[in-house]
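Shared between the two complexes below is chain A, which has chain B as its partner in the first and chain C in the second.
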Partner chain A sequence: MSDQKQMSRQIRLVEKTAGKMAQESAETLAWLRARDDYLQGFDYFLDLAEKGFDPQSSDSVREKAGRPLIYLLCIQAPLELIHAAGFHPFKIFSGSFAAGNLSAHGLPTLICPLMRSILGAMQMTGNKEEQPWILPTTCDWVVKFPEMMKLFGAAEQRLHWLELPHIKEARESQGLWLDEMVKLKGFLEQLSGRKISRNALLDSIAVYHRAWQALSRLVSLRRQGLLSSAWFLLITNTFFLGKAENWTAALEKLLPTLPCSVNSAKRRIFLAGSPIFFPNFKLPRLLEEAGLCVTGDDICSGERLFPGGVSFKDSSVFGLIEALAQRYHQGCLCPTFADNQRRIRNIEAQAEHFDGVVFHVLKGCHPYDLESYTIESGLKKQGIKFIRLETDHASEDSQNLLTRLEAYSHTLPSSGLRPPSPRERGEGNNSPHPLAEEGRGEGIRCT
Partner chain B sequence: MKVGKVGIGLDLGSTAIKMVITDGEKILCGLSTATAPGQEEIGRQLIARGLESLDLKPEQVGSITTTGYGKKLYSAADLNMDEISANAAGIFRLSRGQARTIINIGGQDLKVITLDNDGKVLDFRMNDKCAAGTGRFFELVSRLLDTPLSEFGDLAGNSGHEVQLSSTCVVFAESEIISLLARGVAREDIIHALHASVARKVAAMMGRTPHDDAIYLDGGPARNRGLVEAIEDELLCDIMVLDDPQFTVAFGAAIARQLSAPTDKP
Partner chain C sequence: MAYMIERIERLRAFAQHISFVILMYGGRFGINLGPAVPCFACPFVTGCGGYCYLMGLQGFIGFGMSAAAAGSLWLFTALGWMVVFIVLVALLGKIWCGWLCPFGLVQDWLSALRRKLGVRERKISLQTAQYLGYVKYFFLGYLIIIPPLVTAEILPPDFYLPFCSICPGKSLLPLFVGETRYLALDYTNNITFALSLTLLIFTGITLVGMFFKERFFCIFCPLLALIHLLKPLSGLRLVKNISACTGCGNCRRICPMDIEAVYLEQKKADVQTAECLNCFQCAETCPSDAALGIDFYRFRLFSSSRSHTINTIAWLGKQK
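Let's look at the complex of A and B:
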């Protein structure tokens, strides 16, 4: 095929994908807006989602954030440090099925759907400009991401790797991670052309601390079953799509107007596993349809958006970086860590707030997939009900998932079959069950 | 027929719609037909035929509970019930409280359900986007071999040579079977290999599920004795099959109201 023909085909493909992506986004937004528990206070987040997911999203985000962007994957790079250097941390994500299809032809069949989708969405922009990226060496997909991006024709990117030590309890690892933070500071300073000052860092810590506090209040409401997971995920998903201060202000304004609905009849679940990203809200939708209310999660696009509040005694620049390093490493529950028992303990510690655990595995997301077995075993020993759902961004398995969720819902406490009578158990009754005895004698079977 | 109120269960599955009328104790009537567009009308016709065959009036129907993928497509239902809970309720009642593990092979699902001593679902596993080991798999092989499914059990018993059907993918299994046929492999051996392949799939799904207790196989393919033997051989234990295993889920739905089983109002 000639270059010209290939180019023309690519343009058509991108246009077609753009249309499908817009449709996916519009459908999810319409579903959210039509909900009974919709409040005007959600508009800010709906607007961010609407603007932030078109192919020109980076322009929109840059404009809204009012700062140059630093592209991120995962959640280990301290946002405060990036912000203090004058940049806006823009965590790249996409739950678009259409975007995933755009890149699928050049990728392994069994690849993390999130990565497939991100690579597709990145193609939409042409990827012809050099962008600064911070990439922690978390899973294999992230480590190979720049290579794959290049295969799809992206320009040479300005990459900064964060070598993530995978044994977080080891002192040596913690030292190595601190070194990585110092190197990151150097990278950011080189990029901005100015030193990160103590005051700038303190200000940035305050910005994200306030955001974390607002999110914590939202989490508390959710623990009580007073906020649907759809809204919760919309709010957390949109954090990186605009100025952090504005997002916090919008959330603080929304909080007093909540709760927007109370449904005490629903069974409460804890959602664990792979992240869920807009516009793919398939799982939150199905959970609600099955009568399940998410009261907590440990997904990195949800409650694990922030690793927690940063506390420090030494307010020198180094002391603050040390505090950030500790928080973003020790406080992280990513399954790529070798010693991640804290994740199970974290779920167990919240057991009073839920009736069971739904573990979401994005097909091809190996760390979560593998860890699901350990978590299942640990939780079942504690008598906590557990279901593992493996899926991707396609909608074709919705009915299958719904069947499982409905049945799972009925296995949770406060539900189930009436205990059978002694007769039903075959106790104290010498006559066998009528059907077993009589077989098909008096009925008709037309198969 | 002299009965009081009867319960009706309608299992609107992916390949067949099954209808059961019960007095709460036994299947008075079981009817099924292939799934096709217009499921509401098909369900209505099955119920009408069933009532007529038992000489029952519509006023004698206590409740209609639907289950299966199409459970919400029947607007006249009093209750909806997921098929896993319906399966558990049906088998537990029909086995007189003996069943503790159910292997269900449906049109496009394969499920393993474990029950507690009260018949409540303790845990379950279900295939995701893969038709291997399901009724569709059997239908495909039936077409390829031009052999009715009802003959599979007897033919597998006549297998003389061990053949491996290695694929766990329906699509690839098709080409594998075509190549076996081209090599002159007898259809008896292919059917035997198919049963072994499905049995391995079942065993993989059972995984670490404890299965010392009574295991019941149901769903349409459970009528295939060759498959039952293959699963027994793979799991190294006895497998129980009740009469009319294709109706157990519909029966579970039919007794839903009586059992206060987990249901939702449509």
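Let's look at the complex of A and C:
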């Protein structure tokens, strides 16, 4: 095939994919709008999603954010620092199946569907401008991402790597990460041409703290089973698509209008594992069809969106950067960390709010895939029900997954009632203090 | 920027200020809590409302060892005050340090000033901090060993109250009632000169240290060491539910004494270390539900929670 022919074929393919992507997004949005629990307050987020996931997304986001964008992958770069430098942190993600197919030809068969989808979606824009990127070295896919991007014809990008130390509880690692943060500050200052002042940093921390406060209120409603995971994920997914202040305001307006009656017939589950991105809401949809209600998650596009709760006493610029560095590194439960025993504890500690755990593995997402086994064995020891679902952005396996989820749902005790774990029954109790049980009591006991 | 945050921290600041007024000026209103107060209520402050027990202890060890004291009413009273001290420590533990000590409040004022000026806090490296941690036991040993030597006439009487004569509390706290005389050098003899010079040097170091490092003097405080030795008697504990901790590091960052143990502990529930001042800022800023708690014997006084942390740092949004 001649070059010209190949080019025109590629152009046709891109056009076709753009159409498919728009269709995917429209389908998900239509499904959300047609739901019984739709409220007017969701419109802001639906609107963000509609415009933000357009292939021309960056323009729309740039308009909405009102400041130059910095592209991010993962959740370890402190949003407050980027915001204080006068930029809008824009976390790149895409859950589009069609976009994934566009880039599939130049990639390994078993690759993270998220990366495949992002690489595909980026071809839509032509990607000819130089953009600043901040990339933490989390998983292999992220590390290799810029190379892949180049292969797919992207222009030279302005990359800033954050060397992420993978043993987060070692003192040396924490020192290294703090150095990385100071370097990041230098990079941002060079980009913007002005110093990051203490007041700007305090303001940005306040902006994201307010967002975290609103998100925490939403999370607590969710714990009580008052919010569908589809809406929750829509809200968290759209966080980076506009001004954080506007997002917070819209959420604060929405919160009082949310209903307060709970459907007790549903079984409550905790959703763990790989992230879920718009427009691929297959899993939340199937979970609902199977009669399961998600009351908590630890996915990085959900409750772990950004760490929030940055507390500090030393309010000098260095003190603030140190606080941010620690919060974004040590508080992170990303599976790429070597010492991650706290992740499983995080699930256990919330056991009173759910009847079972659903672990989502995106095919090709190795860190989560591997960790699912550790978590499974840990949780089963505690008597917590566990199911592992391996899937990707394709919709063909929906029926299969639904059958499994329905079967799983039948094995769960009815809502709010979970048989006491061996630990609660006092068998194999190795805890040194009665307190270890005290924190996880109410709500689990059978009445 | 005032660090007056919700509930515990606000309550603590309130208690500190009330205690400061009573212990520094109480004598002027007829309040005297006696010579067994387990915090730096300095007896050198004219009109103070109670005396730091370190002075009583030095006097007790010094004079109590002499033949004259044997069987006297003085000895009986001194023993009585020791019992009072032990009871006070058993009741409140290190609340005396974090919540009631006037010298602690002075340190907190200086830290607040530093924060207001936007000056960065200087950290002491982990290894240095480990060595410095022993200094308070050295001072405790010093104030226990020297007085009997004075009684036995091995050392001259100028060494009477050996710790008070080099304690920065003695030079700094009387400034609040307008007394500057303890900042002067004492030329009576070589020993008084050496001691007063040491006091001046210590005062200088402490002042600079207190500005750049939160609760700098507490690292060296022999009274903290003494209260810690009585820990088994006290019912107040900082406890950690290891399974609820997500390891975010808030407790370590917020700790005025830079204690690592609360963050690192993976086995036992009791995380109250020798350096802990029971200020409970860690429990207040812990964003995990029920990960850190304050126990008084079997009673749960406070339990950390995400919702509390949100309120705790909500002041951020209100700033400026």
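Following the convention adopted for this analysis, the second predicted complex is superposed on the first by the 412 of 447 C-alpha atoms of A that agree within 3 Å, B and C clash if a C-alpha of one lies under 4 Å from a C-alpha of the other, contacts with A are read in each partner's own complex, and residues count from 1 in each chain.
Criterion: a contact is a pair of C-beta atoms (placed from the backbone, for glycine too) under 8 Å apart; a residue touches a chain by one contact, two chains touch by 3 or more.
Being a predicted model, the structure only gives us computed values, none of them experimental.
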When the two structures are overlaid on chain A, which partner does A:Arg198 contact: first (chain B), second (chain C), both, or neither? second
Check whether A:Ala407 is in contact with chain B, with chain C, with both or with neither, and answer first, second, both or neither. first
Have a look at where A:Gln330 lands relative to chain B and chain C in the superposition and call it first, second, both or neither. second
When the two structures are overlaid on chain A, which partner does A:Ser315 contact: first (chain B), second (chain C), both, or neither? second
Looking at the overlay, does A:Ser216 come into contact with chain B only (first), chain C only (second), both, or neither? second
A:Arg342 contacts which: chain B (first), chain C (second), both, neither? second
So in the superposed three-chain picture, is A:Ser8 touching just chain B, just chain C, both, or none of them (first/second/both/neither)? neither
Where on chain A do chain B and chain C both make contact? 432-433, 435-436, 438-440
State the interface residues of chain A toward chain C in the complex, per the touch definition above. 168-169, 171, 198-199, 202-203, 205-206, 209-210, 212-213, 216, 220, 307, 309-319, 322-323, 326-327, 330-331, 333, 342, 345-346, 348-349, 431-433, 435-436, 438-440
Footprint of chain A on chain C - complex, ascending: 1, 3, 111, 115, 118-121, 126, 214, 239, 241-250, 252-254, 256, 264, 267-270, 281, 285, 287-291, 293, 295, 300, 303, 306-307, 309-310, 312-314, 316-317, 319-320
Contacts from chain B onto chain A in the complex sit at residues 25-32, 49, 53, 69, 82-85, 88-89, 92-98, 109, 117-124, 126, 128-129, 242-244, 246-247, 259-262, 264
Chain A residues touching chain B - in the complex, by the definition given at the top: 291, 390-391, 396-397, 399-400, 403-404, 406-411, 415-420, 424-426, 432-436, 438-440, 442-447
